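Here the structure is laid out as structure tokens; the discussion comes afterwards.
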């Protein structure tokens, strides 16, 4: 585990040297006005990002072979230029295997991933429909896929944009789905649960999180809905006797979960379970955005009487923290 | 209780006389080609509507004093003209008090209204916030209002468009709201419950259901959101010491519950409880539309392999009944 | 081949008996006012549709075992009721194998299907890229699929809505694509040609044309874009060493060919070939709509000075036939 | 009255000391890189805003007790940093009562408020409808409300965003309304006049202008339309015998005056007076935006041949000053 | 002048013969079921339209040479078929010159056209700008054009869709424009007046009203905005020394008067006069639609408590007649 | 021809003097903080733009009489301020006639203008329709217009925004149009060709390129569609016996070529040639944007695996260079 994080650097005295592991998020060749080449880096860990400069790239203490996505050990010092924090890099080498943990280098869920995974497995175990159960069991039996499912963020920037974010979002949805399925007997509960677990599974291929969160080229051209459909389709092809109709319904759940054509779903929800999945997915993403925004306002020291900033995920709406506002008003 | 309903008439032999109570939904003066005046009526009860003609309005056996909205007793006979069913009226008089029950004359909930009301009262009783509790208690203590709340449809034509529909919709929402509030600790549960109970309360003034379901002129010009706000505002004005902030939040819940400006909410939801109320209100209305559509398909004898007709409340989408379709496919 | 077509019946004297083969498009049980059961049928062939009634379904000369989608031989007579043509059915039996040709029973392309198919095969043969060539060759080697490709309509109702319409549309597009690829050297011609051939291939599963043109349930829930992707994906899986990048590009061509999310493409065209495919597909569909509309106006005897009716495929625009209008104006 | 205004500071020599009264618009605690705390202020008066820094907040000559919204007396000097003007504050204390006038501290109408108010009162006096007259009389008899009506801006940033802006906009509309009512005899002139006076009355609660122009939290959650309706509703409740229909119409005028649901009116105009109010309100706001834009262009020294900048209130359109352009072209 | 109008026929006894002049709106060749040819006509005058049939087109008493757009004298009798009125034609000949007046044959303004024209000429005379005055004078000096201006409807179906409707609409706008120009000194009044007179002048070529109201082919392909621009451009070309800038502004007024690109204006209003013209044009059209709708409701015997039907020109809104509703409520 | 270009300056040492010709794109009077007046210029040539400052405008070596749009000779030196390049001007005079070539001062097509023009003339020569041929011949016979046609950019900023861009775009379209006309026999090829040549001809008046690319005031108020129509209309007026219908069709081609009202075409394409023109115009503009974007990515050194930046002309889509990506993947 790291000793020093990006968030710690901000309080450092200027000029004081330190050693620290980072993930290289960007690496660019640049020149000064006097045409002296230097390296401009963006280094990150799970607490944030910081700009860094290698003024003498030819220095033997600066590794030649590192790239975007590498873990590196840096010796440097901290400075500020017009409110912009910067690291001056004196030494830099690639981290040795085991020296640093990638999970420390990108923002990650605050939940325990093992517990979340156990929740997911409990949901699979709870299925009464044998075909859906063997479909999910087969998928999650692929250890590489299961590992990716545990790591993947739910998005590059919006809701749950951190390692483990996909799993965290799915587990929250599983809780909601069970509550809502109990409320509407019309719903085929097992199909809804299956849809929750599979709806975003293509994100483990659409996104990559080795070197920051980004889309793969295949992800940009095909999209996670499509990639999820192909993945599930292939798994089903390996399950003899899987009912055709059930296959169609499961694929329809994935295809339609964005709820509108203009949100990238090529089909609107046309079965009740797909309708509910779209609602709950949207609600959970928005509730997470609300919670994040309230945390951000608190971090920024906003008074309870102030609305939050404009929230991208809610059409640039501003929000009010009901509980905080009511509490602040009690003494009035 | 009535012996004969509109739905029964359809199987009658032509020409056979019958006696029956109806609600007058429309009454128009017309003339034949040879300029003989006659009355064209639309008569209804809870099972449907039928056209009726009084060919000799001057006949002393035909009452002069009845209007749209009256309960009447009719003696007449049934006929068909090019697949259009029609009643030929021989005698007609206004019903005597107690002879017929208005609840028999308009479509009504199949749920027990007493039980639904008890559910609503239990929700009020469950509130921990004393101000919200006295607000709801004060409102429901108005017996005329409480009676109207029990009777009101939730809409003229769309979801829950029957007597008791508003109450049925609210009670379903209360169940959902409790489940979702338990899932998201962020939510101020009592405010959400209050919003559920009050969000559509203006409908008891926007709509009238004495003579079919229709909008009042005031309802058309002001709308149920506005009328609800004014009603709640006045009730709060009678509650000394009601906190200003709580008043603002309750009014905001009502104002924003349609979720979008273009759906008639002058404000978007800006507190988490309002966001959730909008989602659940929309979901419950759509799930009711889904259930109705599946019942309609069953009534019309559609095969499980056929999609339903286009559903207005779901953007003209067609739906598939998951459970029925899977069951029908089991033997394949 | 048939002797008599629906279009011929219109000029028949009322009451004159005839024998004719038809496709059963609809079969419904109904009752007369006096509760006598009868059958209401819609019968069709490639020239149109006509309503038919079997007034005595119990007559031994009326087969019991026919259904929607069957070819039948009918003996009956023609009548008109208020401008509505109708067939009174006296005898009806299922057609024996070979007695009637399904191609005679639905509207079909006026082009020679064999020639169109040869054009398609010539395009495949022209490909320089070996991977794309073996992909298309593998697909078309599936004789059931190739037969379906030759038969499929391009749509249920809009452009090219006739047997062979898909192939006719694709062959027209191949001609256009070659011309445009020659104009823009930037384009990877073989990828464009492959996209043209595969973009709508899912329609052979989305639609069924055994008993009129309709969507399959799977077609409604998944859509032809999705079904095409899965079909191509599976074929590629059987081609060892097929390049990953080429696979992504081919799937992207299919996914994006509608050009906009709101038209059901989950991805916008992001490579030049996909951009061009979307343009040409749209242009060819619209040009076919223009041509059809001009033919329709001519059939209806409209003067060259009259605009056509409102054209659905062109946003309800009215059109003017340039050549006809100029010619008509020459004498002025 | 102030001697020195923000607009004067711009021409001051750097470093020259001055004394001046300001309104505190923002007050923030900050630290230098070397962690020395300082205060960052934004100070304003009716001519503009300027940034100010208190480098030594502990200095006894700097008051401790001032907040955003206070009037303060500042001794300081002027400096520029990269084209950004700044005040270095040496002394600061809260203004004594009577020392400075809030009307001097925020942008204000150039019209005489007394005259504008007299125009408004003349309109009220001109009403023939006794109920509307007593409604307006009762409202304006509330001196706090009348004072607020005289002070309120019409908006935070768009048209008439200055003290007295609401009144100025209303008086312009009264003139227009009289002209248009005279043109269309169909119109109930008194209702139109009443609508003009009341349509934006909620703005006196939606906005606050003690410390710059801003929305109140209640204003954000409820909006001025809603707040106006509640205010008028309460006033009417105190007027015995006020006709129900007239009440509905007045409320409808307020509710519908934005003209479209997506502009925040929960109801569209459904009476001719509401239709006209919406048109005139929109026209007057736009004409004011046009006039402001032309003044701004003149201030910036644009030539008559140049279009103005993009105008926010007119969908980012650029405008041309007809009179100036024609005049400039006369010599051509 | 005619003795009998279409509106009179409705009360005629069936079978009674009459003589009457009509305008031929449609003439179609048809055949009965038994293949006997007959003519189907639609005949009209200013009070309405009626279907007519010539069962024996070969009868020597039936003219051969009449066409759509001709005035004809008809001898026939009246009948009804399922509530559809129809004329059975026994004799028909083209009207002799002078026998019938085209102004009697199409709906026409109820205003005095001479007075309206005098109002227009007074506006032209009032112009202080000599160039605008000679432009308008030159245009109206073309007697054919002036006659067409007096006759033209303002639209085929929407507002002012009657002979003289264009002039009536323009004169109403001139009154409004003078009032509004007096309110905003910013406005170049003469340019606004000129814009009012010229904005729709292309309609005299876009529409034709010889044989009912319809668009010309040129009108459909080019539109009245374009045709107006060309007409004004040509007139200006004949006025030596007409200032270039003024020409640009006048053309811009015409081009932009629909106010939005999607309403067919290729340019948005970018000068204040164009902005005002767009507002007033829209307002006057809507006020006329309101007035027409109230008249229609009165004609149909609607109660003052009923909203009107849905008004096409007002986005399908329903309206309430303020004055009538208030009056009806006075006794309550 | 110039020796030194803006693009060369970037690599100059700071302070080294140079002599160079430029086009003055902007000239502004400004003052330093100490109120010393200076001139701020933007100077450009075909390779780019650079800011320049004249610190002593009163120096006799600085010309007084130059304006925006003038060609000037500058002696100065190069400097950088925070990554912003700047020229310090020591001497400045207007260029003598013949000293510098305007074609060197603005970005220009890389194609040979003479060849492009010959292609255009060949298209005109190819027309079989004599009226269209004499229309185009007459237009291009105007040497000023023909010169402007050769010089005009196709847009200010988007596609083909360089000198000769209009001609380059038209010639590409002529090639496409011939290919597509050959594919669809329905098309009146000569009308399509004429439309291609004339559709943007108004741009030679809408834009001016003497002093950078900008809109004229007339261009802003009327637009190139309108200006093109008037130009063509006037030319036709000088051609005796030009058929009315052909005139209407040609004008319709120009009017409708943007394809949608919201793109500024006041009419939708209603003839097949106009439909095709709109498609090809759009396709060619987009293909040019694609090509430019790929060149830009290459210039910026992007890897073939990276998507391009967001492309304005393609709804902010990112693109992938198919050929480069496939090639880069070959070794995988």
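Per-chain numbering from 1; labels A, B, C, D, E and F assigned in written order.
Everything that follows uses one rule, which is that a residue touches a chain if its C-beta (ideal position, glycine included) is under 8 Å from a C-beta of that chain, and two chains touch if they have at least 3 such contacts.
Values in this document were obtained by computation on a predicted structure and should not be read as measured data.
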Name whichever of C-F, B-D or D-E reuses the E-F interface, so over half of the contact pairs are the same residue numbers.
B-D
Would you mind telling me which chain pair, B-D or D-F, is linked by more contacting C-beta pairs?
B-D
In whole angstrom, the CA-centroid distance of subunit B from subunit E equals 44
Subunit A residues touching 2+ other chains are 217, 220-221, 244, 249, 270-271, 307, 318, 320, 325
Show which residues of subunit A lie in contact with subunit D when the two form their complex.
14, 80, 305, 307, 318, 320, 325
Enumerate the contact residues on subunit F facing subunit D in the complex.
33, 217, 220-221
Residues of subunit F that touch subunit E when the two form their complex:
217-218, 220-223, 225-226, 229-230, 233-234, 237, 244, 248-249, 251-252, 255, 261-267, 270-271
Which of the residues in subunit C come into contact with subunit F in the complex?
172, 175-176, 179-180, 182-184, 186, 188, 191, 243-246, 249, 268-273, 275-276, 279, 282-283, 286-287, 290-291, 294, 307, 314-315, 317-323, 325-326, 329-330, 332
